[in-house]
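The structure follows.
The first chain written gets the first letter, and so on, giving A, B, C and D; residue counts start at 1 in each chain.
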Amino acid sequence: MVKRNKLFAVAMVLFLLVGTLGCSSQSQSGSGDSKDNPKQPYKIGLLIPMSGDAGDHGQIMIDGAKIAQEEINAAGGILGRQVELIPFDSAANTEKGVTGAKKLIEQDKVDALVGTYRTGVALAVMDVAADAKIPFLISMAASDEIRNKIGKDNSYYKYVFKVAPDVADYTANLLPFLTDITKAKTYYYAAENTAWAKQLGSVMKKQAEAAGIKLVGEAYVDTSATEFTATIMDIKKANPDVVVCGIITAPGVPFAKQYYDAKVPVPMVVTSGVLTIPNTIKNMGAQSDYISFGLFNIDKPITDLTVPFWEKFQEKYGYRGTGFNEVKTYDSIRILAEAINKAGSFDKDALAKTLETEQFKGLAGTYKFDETDHQAKWGEGYVNGVLAEWKDGKAQVIWPENVRDSALIRAPWWK
Amino acid sequence: MAFIQLVISGVLQGGLYALIALGLTLTLGVMRITDLSYGVYYTLGAYFSFFFIIKLGFNFVLAGILSVVLAFLIGLLVERLLLRRIISDELSVMILTFAFAYALEEIIVFVWGSPFRTLPPYAIGTLNIGGILLEKQRLVSFAVAVVLIVLVLLFLKKTRFGKALRMVSQQQHGAYLVGIDVQLIQRLTFAVGSFLAASAAVLLSPIYLVYPAMGWSPLLKAFGIVILGGMGSVKGTIIAAFALALIEVLSSYYINQSLSQVSFFVVLILVILIRPSGLFGNREGV
Amino acid sequence: MKEKKLNLIFILFWLIALLLVPPLFPRYLLHVFIIAHIYAAFALSWDLLAGYVGELSLGHSLFFGLGAYSIGYLSGKFGVDPWLSIGISCIVTVVWGLLIGLPCLRLRGPYLAIVTLAFQMLFFLLANSLYNLTGGEEGIRNIERVFNSTESYYYLSVFLVIIAFIICYLLVSSKYGLIFRTIRENPEAAEAAGVNIVNYKMLGYMVSALIAGLAGSYQALYLKIATPDTLSMALTFSAITIVAIGGKGTLVGAVLGSYVTTFIFDRFAFLKDYKMLMYSIVLVLCVLFFRNGLAGAVKRVLLWRKMGVDNMPGGGKA
Amino acid sequence: MVLEARGLTKRFGGLVAVSDVSLTINQGEFVGLIGPNGAGKTTLFNLLTGFHRPSAGTVVFKGEDITGLKTSGRVHLGLARTFQIVQPFPELTVSEHVQVGLLTNKRKKQINVQQEIEEILNAVGLVEKSNDLAKHLSLGQLKRLEIARAMATGPSMILLDEPFGGLGQHEIAAIQELITDLQHKGVTILIIEHVLKAIMNLCQRVIVLNEGRILAQGTPEEIINNPEVVGAYLGKTDSGQLKKVL
């Protein structure tokens, strides 16, 4: 039994060893505070999911970010300093996100943070960034709660800006499909039973009602649902002019397939997610035809940056962007660089002031942040989206009119 | 009319639920282990057919057969290399199979990446019989599922292996005494379970979609069905599968569409609490 | 009785080592230690059930999440004092443990595992979908800040994990520990020896829920937010991995495993997608070949000359 | 009368394992329970000790209806048992096996646990093994450990399920002695045994179970000469052959 003593001694040694290991590698990487030094790169921490169920988004974000980095560096960097990207896998998990933010700020000494895919992660990381007074550009997380939080304590979240669209922007993106394209009087909302889809539904309802369009039915399905006979029967019974689909994860595909097979006589438009990704559509065959969807960007001359970016992306990585992840990450980094260049100094307060007052060009349009809640504005003259329709596995842009490929392609069985 | 349509949809779905749950019920009965990696064979079946159809361009039937055969072989290997070592320790088996399910998911991400994949349909279109819509794809999948289930049932009833399997399931010790190679029976049963899970995936992945975490939901469904039907009762499993599918479809139309999963868990929890041996189980003390 | 003294020595050494951390280590590592302590407490609660009572709780993150959401509600929504909130949320998780345990613990093995999993999935689902009640993916925010410095949060985490360890240790080294082990070893024989297994399992389950809930509410307090991540299956999976690596049924193993995995995770952050793969393969190998984990290996190295390893009393069941 | 069963019936699905069994056992009695394989002896034990719930019938112990009581509750009342196939706690030491029984013994104040453990281990002859893990014991030692664990719960009645099964002559004698000692201490004993010879000497009364029913009961002498018992054991042969077997 006395031997147990040794057991704990060894345990202690192991424990201290691990700690020291952490310590020693820390001292290697913590390379000084020589900020504003033109020799030092300008470090941007990317907080993105690279594993877990949102894992595939992360790589696309990095791919978009790298193009921004190359372009900025080729143009002489940010006030002469080269841009360095330091990604961290937040695994779309709140605790990992905070760990990442702390590591990037305290150990890697980044100058700014960009990222987060999940709203929950963004909300937790905001506080870390605000405490450390590090600029944080939220690129993907969309919920209103972020800008509400900034709006409530604008001086504390002075350096936090939301490049990502708001919930209302997601639905505003779809609205032309109802008003201009189909001239619908009624619509049906089919979505998955998540908070996000419910938020979308209630905002959509408000916007549609303002445009004189009535909601005639809604269905919230499980995130693991596979059988949609009941939903489709309910849609047919409600007889809307358009179906708005908020099923953005796995069940979206069987829903779309069943929707196609059942020949529901009205067009469907999808807000975002699985049915807007080329990879999903690739092998669906005819069953993906006639699905319309909203996107934040596509290879059309929306600004003069857009087409070159999409071409560069395709050429460099051999796949098409999704119009979400890579675009918003690219834009965030560009905005950051442009703002510092405009401010003419690395001073954070000057940067915040510039971000609050100036306008910035991105792939998706012109970014102008709200002065109180730091939300990028949406609509004509600001950031705007596009609507497209799948036909033969290709995305045909159907809105806005100045860049569209064709008018809405109608299925033979639509009323 | 609406009711008939819903019942038909429920029955079509039920056939596939039965197929998925059948393998698990055999494994549980014969091996007396809680196999939390059962869903992995479903995922593997889907990825194999994705690989054969999309990457190699095989036709659906050939790809399907190759996929289920591969799943069968992997089942054999897993039983031999992993489970056999610790099969007597219930807790270790659960931890191991849980870890294995996770590991395999990560391997799939490593090999095929994590994005959603889709497969082309094997039968397109819908039959309209007096206003009742029948998707051809679901009809085909149901038919194949029923054929497979009937084959398994015949196999259990008629063949020597089937009889030995039932003997092991009922009286493991007795089976030893009459000279049955229990290990062999267990290994083959485990592989047959993998085969059935994979065949369900082959039939369903062109209807749904393919992604690394796709196996968890069928695993839970299968467990729910097996528990509802009574552990080790083949008859109970099949009845429970159809009952569950019908409840899902009917409740989502007449009550609320968002509640099918919640109601599944609630029903499952209630059944375990009120009648732990399941609807058709007769084993004492659980 | 010597063992008791030695365990006290361990706790003392450990405590001193932990007190040395803030002056010696950079601030970021304090955060890593805090996370490691949260996981250690959570893993301890899981080990108490799996390693001593012999029950596999596959949905254990349920209690972690309940702790996190309770403090989220109390402090974040109703503005209750955060310290009081921690206390109340512990009571809440114990009550939930009772509510769920009472009917479930009559069940054995696979049934209990699946029912706990079903409960966890149900709550995860509800947390994600009941926006008005749970905030969905955004979780429950605005949990009051209790300290301004990471150091203070660190000391609190030390307090938390030591308390968790001591509770578990006192429990398993008392007569209850012996009774738990009889249930693990052979429930029927335990019943025949007069052990009312349902009652004792209930006791283990409630203490385990309490500690998991404490870990969860501390995490929410520290991050100032409670999100559905706290109810996820991945969290349970990490507790299982930590215990499998550290050594099941040893308590020390849960602590060691947590330090090792948290620091490895931190060191190998650059591995991205591969680290989960590595992690799960390590876990499979641990279950197959290294069943007594780190604590077992340490024991083996120390004792192999003196006596047969198999003769070690009180060792975890392989 | 210590233990009484009235109309005990147990059905597993379609199979009736125990059918309408009524029996009484008196204080201090030593009763044997015999019957061919599959006669339902162990199932009857499980019904008496609460491992199974009867499909019909009641069990009364010391005048109290215990039909709905769990096994542990019955143990607390003083009804202990051993198992046909030994059920040790493999990773626990021998003394811990006894300690568990003492811990759950609610009728007795725990004064000196260590001393009591020693006493019991002495009685079963395992005192020098007290720090060994159960998994390292031989079958004979495990059988004795079973009895030690049951004794530790302070029973007034013990149900022994084949305590001699699989043991050699020498070990059988040792356990026989142990059981006789128990009886002398006033413990009521109900024993299932295949080694009929062993119990024929020990028992005051023998109950014969066949196909789930009580076929006969009486003194050992009466049982050996009962033609129905002989038939049940050996089919249609004569009683002389049974006597040879015994």
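Please note the rule applied: contacts are C-beta pairs under 8 Å (C-beta built on N, C-alpha and C of every residue); 3 or more make two chains touch, one makes a residue touch a chain.
Keep in mind it's a predicted model, so treat the numbers as computed, not measured.
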(request) Note the shortest touch-path length, in steps, from chain A to chain B. (result) 1
(message) When contacts are scored as defined above, which chain pair ends up with more C-beta pairs, C-D or A-C?
(response) A-C
(request) Please flag the chain sitting at the greatest distance from chain D, going by CA centroids. (result) A
(message) Based on mean C-alpha positions, which chain is nearest the centroid of every protein C-alpha shown?
(response) C
(request) Averaging only over C-alpha atoms, locate the centres of chain B and chain D and give their separation in whole Å. (result) 44
(request) Would you kindly tell me how far, in whole Å, the mean C-alpha position of chain C lies from that of chain A? (result) 34
(request) Averaged over CA atoms, how far is the centre of chain B from the centre of chain C? Could you give it in whole Å? (result) 32
(request) Any chance you could list the residues of chain D touching two or more other chains? (result) 51
(request) For chain C, write out the residues touching at least two other chains, lowest number first. (result) 125, 129, 273, 276, 317
(message) Counting only residues that touch at least two other chains, what does the list for chain A look like?
(response) 51, 55, 193, 220, 223
(message) Per the contact definition, I'd like the list of chain A residues that touch chain B in the complex.
(response) 51, 53, 55-56, 193, 219-227, 229-231, 233-234, 250, 253-254, 257-258, 261-263, 274, 277, 279-287
(request) Over in the complex, which chain C residues touch chain D? Could you list them? (result) 175, 178-179, 181-182, 185-186, 188-198, 310-311, 313, 315-317
(message) Applying the document's contact rule, which stretches of chain A touch chain C when the two form their complex?
(response) 1-8, 10-12, 14-16, 18-19, 21-23, 25-26, 30, 50-52, 55, 58, 88-89, 93-95, 98-100, 102-103, 106-107, 118-121, 123-124, 127, 143, 145, 149, 193-196, 198-199, 220, 223
(request) Could you please specify the touching residues of chain B with respect to chain A in the complex? (result) 2, 5-6, 9, 13, 54, 109, 113-121, 124-126, 133, 135-137, 204, 207-209, 211, 213-214, 217, 245, 248-249, 252-253, 256-258, 260-262
(request) State the interface residues of chain C toward chain A in the complex, per the touch definition above. (result) 2-3, 6-7, 9-10, 13-14, 17, 21, 24-29, 31-32, 35, 38, 125, 128-131, 134-139, 141, 219, 223-225, 227-230, 232, 234, 252, 256, 259-260, 263, 266-267, 269, 272-273, 275-276, 294-295, 298-299, 301-303, 306
